[in-house]
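Structure below; questions to follow.
By written order: A, B, C, D, E and F. Residues from 1 in each chain.
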Amino acid sequence: MADAWLTTLITTTPQEGFELAIKLARMGVKYTQPSAEVRDKLRKDYAEDAEDLIASSQVIAINFQTVAAANGYWK
Amino acid sequence: MADAWLTTLITTTPQEGFELAIKLARMGVKYTQPSAEVRDKLRKDYAEDAEDLIASSQVIAINFQTVAAANGYWK
Amino acid sequence: MADAWLTTLITTTPQEGFELAIKLARMGVKYTQPSAEVRDKLRKDYAEDAEDLIASSQVIAINFQTVAAANGYWK
Amino acid sequence: MADAWLTTLITTTPQEGFELAIKLARMGVKYTQPSAEVRDKLRKDYAEDAEDLIASSQVIAINFQTVAAANGYWK
Amino acid sequence: MADAWLTTLITTTPQEGFELAIKLARMGVKYTQPSAEVRDKLRKDYAEDAEDLIASSQVIAINFQTVAAANGYWK
Amino acid sequence: MADAWLTTLITTTPQEGFELAIKLARMGVKYTQPSAEVRDKLRKDYAEDAEDLIASSQVIAINFQTVAAANGYWK
């Protein structure tokens, strides 16, 4: 993946950090399945499946731990 | 998501921190499935499914790790 | 949830800390499914399901990480 | 649970620490399903199920993180 | 595995760190299933399965925690 | 388990640390299912199952966090 999409883990607010965690979760999927077409098709499934949504939230939570630590918890 | 919903990880008590962890878990779902109508429909399913409830508690636990660390464990 | 059920993460012994971790795991379920009647019904299922028991133990383990760190590992 | 089964997280060696992590994983199950009879019956199932064994190893790994940190990684 | 494939956890940028986390996730699979032929066959399945993609992203997230900590979060 | 199989978490290189993490993951399985015969039979299943391979990689990742921290990330 040639594009620079992650140059820093530092964000101004916790909310931006949470949104960065979401981006990290999505990039983890994108590197594994590079086809936007396939991902879009799958999104319809998992976005209406409770277990998949909970699992998605879990990946975000793990990435948010990393981003929050990087930012000294925005204290 | 334009609204500011997360301006700090600091809470007065551990219990408020736990409740913030629940909010983070729910926001992880909300960003993935923005439709309140779909989420409400799914809630009926996962709230009566033991595995989904355990998985939900796990996402809360991961987020609580972050919030607790941010608050120096309220010591 | 109006009641104060979590005022500190500090416990006297590691065992009390482990039991607090169990309480945190259960509260994560309770906030998601507030009905005691529904939870009691589900308990019969997951308490006799190996995968659910392992998953429950995992949530306890994650919460115990938090409680143990809060207590400086009772050293 | 009246018995004192966890008075310290400190162990002499990493291996004893790993075995303590196993005990913590099992106690997480035991608190959720107190009946030894039911647990013995379930053990036959999960001990011959690849996914359950991997999940068990994961709970041990999470608890080992806690025990290892408590012991300063036995350095 | 005789080849040296991991000589350092240090990377120049967070993005390179994320890509190292992906490599670690793949190596975890490779050590368990050394056959490239079998892995290629399986990839077709999991790359089009939403749950598998989310699980893959989770393993990357866990490894990224390690790499990010090793790099002092590139601050 | 009488044999001493884990006397230190310290390794010379990150790669040896990763391989130790794999050993920890396997020992977690071995303590739960001591029969080599049963484990060998199960290995054929999970080594050709994408979800099981991803789950195995996750347990390795969690153990690698512990080993990497023990080694100060080999810096």
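We adopt the following convention: a residue touches a chain if its C-beta (ideal position, glycine included) is under 8 Å from a C-beta of that chain, and two chains touch if they have at least 3 such contacts.
Here the structure is a predicted model, which is why all the values come from computation and not from measurement.
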| item | value |
| --- | --- |
| Where chain D and chain F overlap in contact partners, by chain label | none |
| Lowest number of touching-chain links that must be crossed from chain D to chain E | 2 |
| Per Cα centroids, the chain farthest from chain C | E |
| For chain C placed onto chain F, the superposition rotation in degrees, Cα atoms, nearest 5 | 120 |
| Same or different residue numbers at the chain A/chain B copy interface, by half rule | different |
| Length of the line joining the C-alpha centres of chain B and chain D, rounded to whole Å | 27 |
| Where chain C and chain E are represented by their mean Cα positions, the distance between them in whole Å | 31 |
| Separation of mean Cα positions, chain C and chain B [Å, integer] | 16 |
| For chain A, residues contacting two or more additional chains | 46, 49, 51, 55-56, 58, 62, 65, 69 |
| Chain contact graph, described as a line, ring, star, complete graph or other shape | ring |
| Cyclic chain order when read starting with chain D and heading to chain F | D, F, E, A, B, C |
| Residue ranges of chain C in contact with chain B within the complex | 1, 4-10, 24-29, 31-33, 38-39, 42-43, 45-46, 49, 51-52, 55-56, 58-59, 62-63, 65-66, 69-70 |
| Contacting residues of chain C [partner chain D, same complex] | 13-15, 18-19, 22, 46-51, 53-58, 60-62, 64-65, 68-69, 73-75 |
